[in-house]
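Note that the chains are named A, B, C, D and E in the order they appear, and that numbering of residues resets to 1 at the start of each chain.
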Amino acid sequence: MSGNGVDTTEDLILSVNNIEVIYNHVILVLRGVSLEVPKGKIVAILGANGAGKTTTLKAISNLLKAERGEVTKGTIEFEGTRVDTMSANQLVERGCIQVMEGRHCFEHLSVEENLQTGAFTRRDGRAAIAQDLEMVYDYFPRLRERKSSLAGYISGGEQQMTAIGRALMSRPKMILLDEPSMGLAPQLVEEIFEIVTKLNKQENVSFLLAEQNTNMALKYADYGYVLESGRVVLDGEAKALRNNEDIKEFYLGIAGGDKRSFKDTKHYKRRKRWLA
Amino acid sequence: MNVAAKDIAKGQNILEIDGISLSFGGVKAIRDVSFDVKKGEIRAIIGPNGAGKTSMLNVINGFYHPQEGTINYKGAKRHDMRPYVAATQGIARTFQNVALFAGMSTLDNIMSGRMLKMKVSLPWHFIRFGPAEREELEHRERVEHIIDFLEIQAIRRTPVGRLPYGLQKRVELGRALAMEPELLLLDEPMAGMNLEEKEDMSRYILDVNDQFGTTIALIEHDMGVVMDLSDRVLVLDYGEKIADGTPDEIKNNQNVIDAYLGVAH
Amino acid sequence: MSDTTLKSDGGSSMSQTQRNWLITVLILAAAVAGSFVAGSDSLLYKVFVGPFVEMYEVPDLFVQVLWEGLVAGTLYALVALGFVLIFKASGVFNFAQGIMVVFGGLSLVGFYAAGVPAFLSLALSVAMMYGLAWTVERVVLRPLVNQDPLILFMATIGLTYFLIGFGEFIFGGEPKTMITQEIGLPSGSYDFDWFGGFVSFQKLDIAAAVIAAIMVGCLAVFFNKTRIGRALRAVADDHQAALSVGITLRQIWVIVWFAAGIVALTTGIMWGARSDVSFALQVIALKALPVIILGGLTSIPGAIVGGLIIGVAEKTAEFYWGPLVGGSIESWIPYFIALGFLWFRPQGLFGEKIIDRI
Amino acid sequence: MFYREAGQFKTNYRTDQAVFPIFQDKIGVLVILAFLFLVVPFWFNDFWLNSIMIPTLIFSLAAIGLNLLLGYAGQISLGTGGFMGVGAYSCYKLTTIFPDINILVHILLSGFFAAIVGILFGIPSLRIKGFYLAIATLASQFFLEWSFGRIGWLYNYNPSGAIEVSTKRMFGIAITGPHATSLTRYLIVLSIVVVLTWVASNLVRGRIGRAWMAVRDMDIAAELIGIRLLQAKLTAFAISSYFAGVAGALMVFMWLGAAEVESFDINHSFLILFMVVIGGTGSLIGSFMGAAFIWVLPIFLRAAPRVLGVDISAATVEHFNFMIVGGLIIFFLIVEPNGIARLWQIGKEKLRRWPFPY
Amino acid sequence: PVQAEDSIFVPMLTYRTGPFAGSGTPIMDGMHDYFTMLNERDGGIGGVMLEIEECETAYNAQKGVECYESVKDRDPVVINPYSTGITLQLIPKAPVDEIPILSMGYGLSATAVGESFPWTFNAPSTYWSQMSGIIRYIEAQGDGIAGQKIGFIYLDVGYGREPIPLLDELASEMGFEVVKIPVGVKDMQNQSSHWLQVRRERPDWMIMWGWGAMNPTAIKEAAKINYPMDHFIGVWWSGGNVDVTPAGEGAVGYLSANFHGTGTDFPAIQDIITHVVEAGKSLADPDTVGDNFYNRGVANAVATAEAIRTAQQVTGVSVVTGVEMREGLENLNITAERLTEIGLEGFMNPMQITCEDHAGAHPIYIQQWDGENWNRVSDWIEPMSDRVRPMLEAAAEAYLADKPEWQTQTCN
């Protein structure tokens, strides 16, 4: 993993070494994924549907067991200690939390209660928690309006905000964000990324995000990995990736310097596959 | 259907929504919204989160019953009804939080879209030989066309619960298409897709619209997609209609920029 | 289904529910009128008028029936409470609650029979319930996290089988007498000469009601006012998401199963004191099922209110209407009562809303 | 190596939709059928036929019935025992009312009565879901149990309250009653079960099955694509009860020879539920595997000490039996919550990939 | 278990588990211990060892049938099903498999008619005879029975319902009134509403046909409503020691029917204690030896053993199997002398079974609980055979009506 721009002397908050993941004893999904997140950086994982982004994040946060998946090879280290045998709860206590893809709000709890559960592992008193609650409401004013509604009834985007807000409530050192922009209005997408940068800059929170909105992701991230069929096929500084011709073509939709229109895309077009 | 035919058809309204209001307890999800959808067009609905877009689709296909207002569908005033009636009238739908039948294979999911078109009665299904099998094969063939069309041959037999999100969205579209709807409602069909996949999806939507003449109402947050695909755009905010017009008009509407698009666009 | 979650305001015409009510009332009125016309020997009269006349004419029995209903209701409520606790906190429908009741009762009697002093036996039984909770979490729940509720339900039936075999192996299958006096429960009764007859309140039953009230109070506070309480409800909604925000499922499960174990032990003592402690007692779990669906699977007050409603309704029905059809309708009447309520509120009286949203 | 689908190309959709698209599977089924029809009759003694094969087949049929409802249509029912009872009692009535009609006709007809009752008690499923529905189905279970005991007409006012099977002949061969050899009864049961299984597999592969599964997986979406929930749920209840009813009739007429109310009690419902879940919900083969496992395991366990020459008392064996069965149920759920059928499938998948691990 | 070519195989269908274990366990213990005692003390019967083997049914009919199937190929000498439900299922099988069934004091009353049921025996008495005896007892007390109100509380299964036809018939003939109160299996331990009905109806006498956990609960509830215990009579299955002890003082005065003695004051029981219990070969809690239900088991074993002996004598075969055993049962005659001989003087009334009468119209007596022991409070009461027999015959006829191929026999 060296020689590609990451300063190896830098402190790593997270390092994933060559992990393999199998679902249901038979479905091999990750075939040796390695990646690193330096402290205080934002790292993005890109990749097509089914490439294994979600699986990677769940492997890190130890949520795979709940889906009958398991890490069969490789190691995962968070702040230098191995965490692959820990429970999800211990990891959260250590400061690493995941925002799950597809919202996963607690339907029968109100929005506010949802946010409060995010502070489950915190021990720093009600006042601090209340303060953070205000912070979340300031980030997402829409949530304040709906704070007493059951999370099951609010709109998709509102649920997404709740899920993100809930993670913020745990005051983590590192957040694993799985498709944070999904279903959010454009304005909000930008706000989310602003929040990410703000936390990153002001509170030194590190981020690992799986994101389909490549444009945004590469704009805000420091470093990026491209995943395909359970393998890392390309990685590099975000800037470098943005200028990579293939990325431009297939992830950013910029052909010859101009943005393509969706109307003009042709069927049966050539697809880039690094692992042909 | 060729382009000229499409233009002619556009004259008629397939759906007219007039003065719809919908509330849940104290929450007013939709406030007095009126708009129409013309036959053969692609109609986008956009708006900030919680604006009432999904609720609007729910009203159209009978899942929510508005407290006020009228709906005219294909020229007739529609009354409150159970959602399956909407399906029989040719309205199909995909969902924001994928609502596939997770335990069934892709093939079965799409086949289930043909449910309304299958007529052979129960007793024949006991023995399967004869009419039941014939009908099954007939519809299977159509479904295979859709599978080819959406390029999901490889996952035909996979239970959809195991598919990655993007593919699930595609299967869902397939299921809706299998219903051969006149009006297709798409709720964020491209959420969670990367550009390449969005391009594919756009292609499918355009092709459906083009080849089958299906009218489409779609909700989407990717402005690129909305502006490129749609013929007209309806903008909701806090349950109210704040703008309605062609993509170009919308792009430059100050209200819309303030409430939804933000500065960048 | 959508019309229950919707239509909360507006709508000029009568709602479905109102219409249902009106029809019900009209039919009843017609039946009562009909019975007077048909005379006091007619079946109509026996069903719609006779019992009420009797309630009025023999009030002491009526009061006694109500009291017995309330007592039975309290005891059902205790069993129901065990179900609700675990369901509310983990989404697991714990079928083993019935056998846990037996197990609690048996271990208390068993320790005592082995020569341990009564209160020490009680303490040991509590410890035993903790051990059970810990083991269940370790062996059954932990490997089954995030599984379908049906699977977890089945696992608890497996647990029931195991505990039946284990319990009979250790304690033997024959019934035992509960050590009522030794652990300080009152016996005897307060008898009153009322309404020209007598009404008798067993002291034991009164004690049961008091203990139940205290337990419910504590649990309600625990669930609604504490951090853990909120976390419990989160777990019931979505195991995976709960894990993802760092909720310690393991600790929580031990806590609720232990709480349910204490409730079971209490129930075992109370029921055991009424008849005896035997494995036949586990069928009272079945008696608690209509209670929880009536009250709502997730509601602690629901368990109590449901218990009382079912208890009173069941005893009254059996006493006044049972003989008309040959008796023993207690076995199914509670379910039909519960079904009646569910028809109006599919999530039970106090249950959490069924969220139908797409 | 041998188990591959490679090279087996389907040239039309018809073959692709066959029950067993893989050639080796087809052979496998033929071998099993040949074994059941040709080998078992010659090799198995009375005990095997009477206590293992016949009950397993009958329970498989009931399990298929429940599986259609639970595994395919997603409606939990704890009333299977009651529906089996309806089948048994209506078959009994049919034989006494029309003694000259062939008993097999009665058995197949009796399922219709169960179906009607199933529809009646399935109505609550329109509004009630999940565990609420499960408990509501207990209403049918207990009400039916009560009726079987209370309505004298059902058992021809027999003072013992039981129904008994008389000897009926077909082509001069006794097929029911004590004179019917176990072999005859086995072959009849086997034939009926095979035919009905074939019917079930036809159903679940076609439109009806898809409608059920759609309702199971997400009823709102199902309704939005044009499935009538009412119709789909009630057909599921009807057909499921039909299977249960026929199984109940077979149980009495082809296996036990007599039955009383207790033969159809709640434990019976649970037994069938176990078979379905352990075998695998949503899998017909699973129903057979589950039935075999749940029924045969205790028999083996009970026989084991004698065979092994260990001297422990029957009661202790029974205790261990409970513990082992309970433990194994939990174990299986942990190893594979989707049942033995899924284990089987994974095994096959591994075989297909063999010699590679994945 | 002893495995020998030349032993007599005596399977026992037991229930030491499940909801009825409380009643079942002591019975099984008594039966098991008496057989074991014969083996230990006498080396079996007629020089042939008994091979005793238990099969646990948990009172479940299907398990019972399975037990039956698992033993039937091993030449069992007789089957004691110990559950009416199981008995009903075995009755049709018995003639085909040629294995006699002895349902001692339970089962289907009609099987007393030997002509119709050659293979089934229910001595010493049917439920109907027993009920008639209880009615006679009531009649003999102070106020007679005419005009009295009798409450009948019963377990709502086949067993509990069985005496109802006779009760109804006697009621109209003798001019008393019957109030029936069924108790569902699930409500065995939840009888408050049932006893409130008793309070409403104020019956002069209560008769109970209960089993398992129903019994102690009923006695407790009766005490709770201050029902006079000496007017409360249980069937002989409702008279176990475990049934009365939970109610403590409240149970004093409770009555129950019986047909054999209680306590350990019999030489044979003493032999059991020395040869079996103290030798550690018994499963029983030593305190329960001599309890009512324990002795019930002994009585059952005595009948079985004597029938085996008779079979050996009548047929001359020493290793008897079912076919011989049937002969033995039909010729069984346990006289008072014989009872003395086997160390059970006065333990029970002499018992005779004939070809016509497979139950024998044997008398019963009533016993009363004094808080410690059961005491006899009546003489032997003869049942109303004249009433019962025609009913039995009618029932037998009804049973056979739709069974054209039933095996019957003619007696001379």
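Criterion: a contact is a pair of C-beta atoms (placed from the backbone, for glycine too) under 8 Å apart; a residue touches a chain by one contact, two chains touch by 3 or more.
These numbers come from a predicted model, not from an experiment.
J.: What is the chain whose Cα centre is as far as it gets from that of chain A?
T.: It is E.
J.: Hey, which pair has more contacts between C-betas, B-C or A-D?
T.: Between the chain pairs B-C and A-D, B-C carries more contacts.
J.: Measuring centre to centre with CA averages, how many angstrom lie between chain C and chain D?
T.: Whole-Å distance between the two chain centres: 32.
J.: Based only on mean CA positions, could you tell me how far chain B sits from chain D in angstrom?
T.: Centres of chain B and chain D (C-alpha means) sit 41 Å apart.
J.: Cα centroid separation between chain B and chain E, in whole Å?
T.: Computed from C-alpha means, the inter-chain centre distance equals 74 Å.
J.: Calculate how many whole Å lie between the centre of chain A and the centre of chain B, each centre taken as the average of the chain's C-alpha atoms.
T.: That gives a centre separation of 29 Å.
J.: Mind pulling the residue numbers of chain C that touch at least two other chains?
T.: 164, 168, 173, 286, 326, 328, 331, 358
J.: Spell out, as numbers or ranges, the residues of chain A touching 2 or more other chains.
T.: Chain A, residues with two or more chain partners: 27, 153.
J.: What residues in chain B touch two or more of the other chains?
T.: Touching at least two other chains: 24, 54, 63, 83, 95-97, 99.
J.: Taking chains as nodes and touches as edges, what kind of graph is this: line, ring, star, complete or other?
T.: Looks like something else, not a line, ring, star or complete graph.
J.: Touching pairs of chains, all of them, please.
T.: A-B, A-C, A-D, B-C, B-D, C-D, C-E, D-E
J.: Which of the residues in chain A end up touching chain B in this complex?
T.: On the chain A side, the touching residues are 23, 27, 46-51, 54, 101-103, 142, 146, 149, 153-158, 160-161, 179, 182-190, 212, 214-215, 250-253, 259-263, 265-267, 269, 271.
J.: Where on chain D does chain B make contact in their complex?
T.: 13-14, 17, 199, 202-203, 205-208, 210-211, 213-214, 216-218, 220-229, 235, 282
J.: In the complex formed with chain A, which residues of chain D make contact?
T.: Spelled out, the residues of chain D in touch with chain A are 346, 349-350, 353, 358.
J.: In the complex of these two chains, what residues of chain A are touching chain C?
T.: These residues of chain A touch chain C: 61-63, 65-67, 87-89, 91-93, 97-100, 104-109, 113-114, 116-118, 120-121, 150, 152-153, 166-167, 170.
J.: Give every residue of chain B touching chain D within the complex, in rising order.
T.: Within the complex, chain B contacts chain D at residues 61, 63, 82-84, 86-88, 92-93, 95, 99-104, 108, 111-113, 115-116, 118, 120, 122, 125-128, 132-133, 135-137, 140-141, 144, 175-176, 179.
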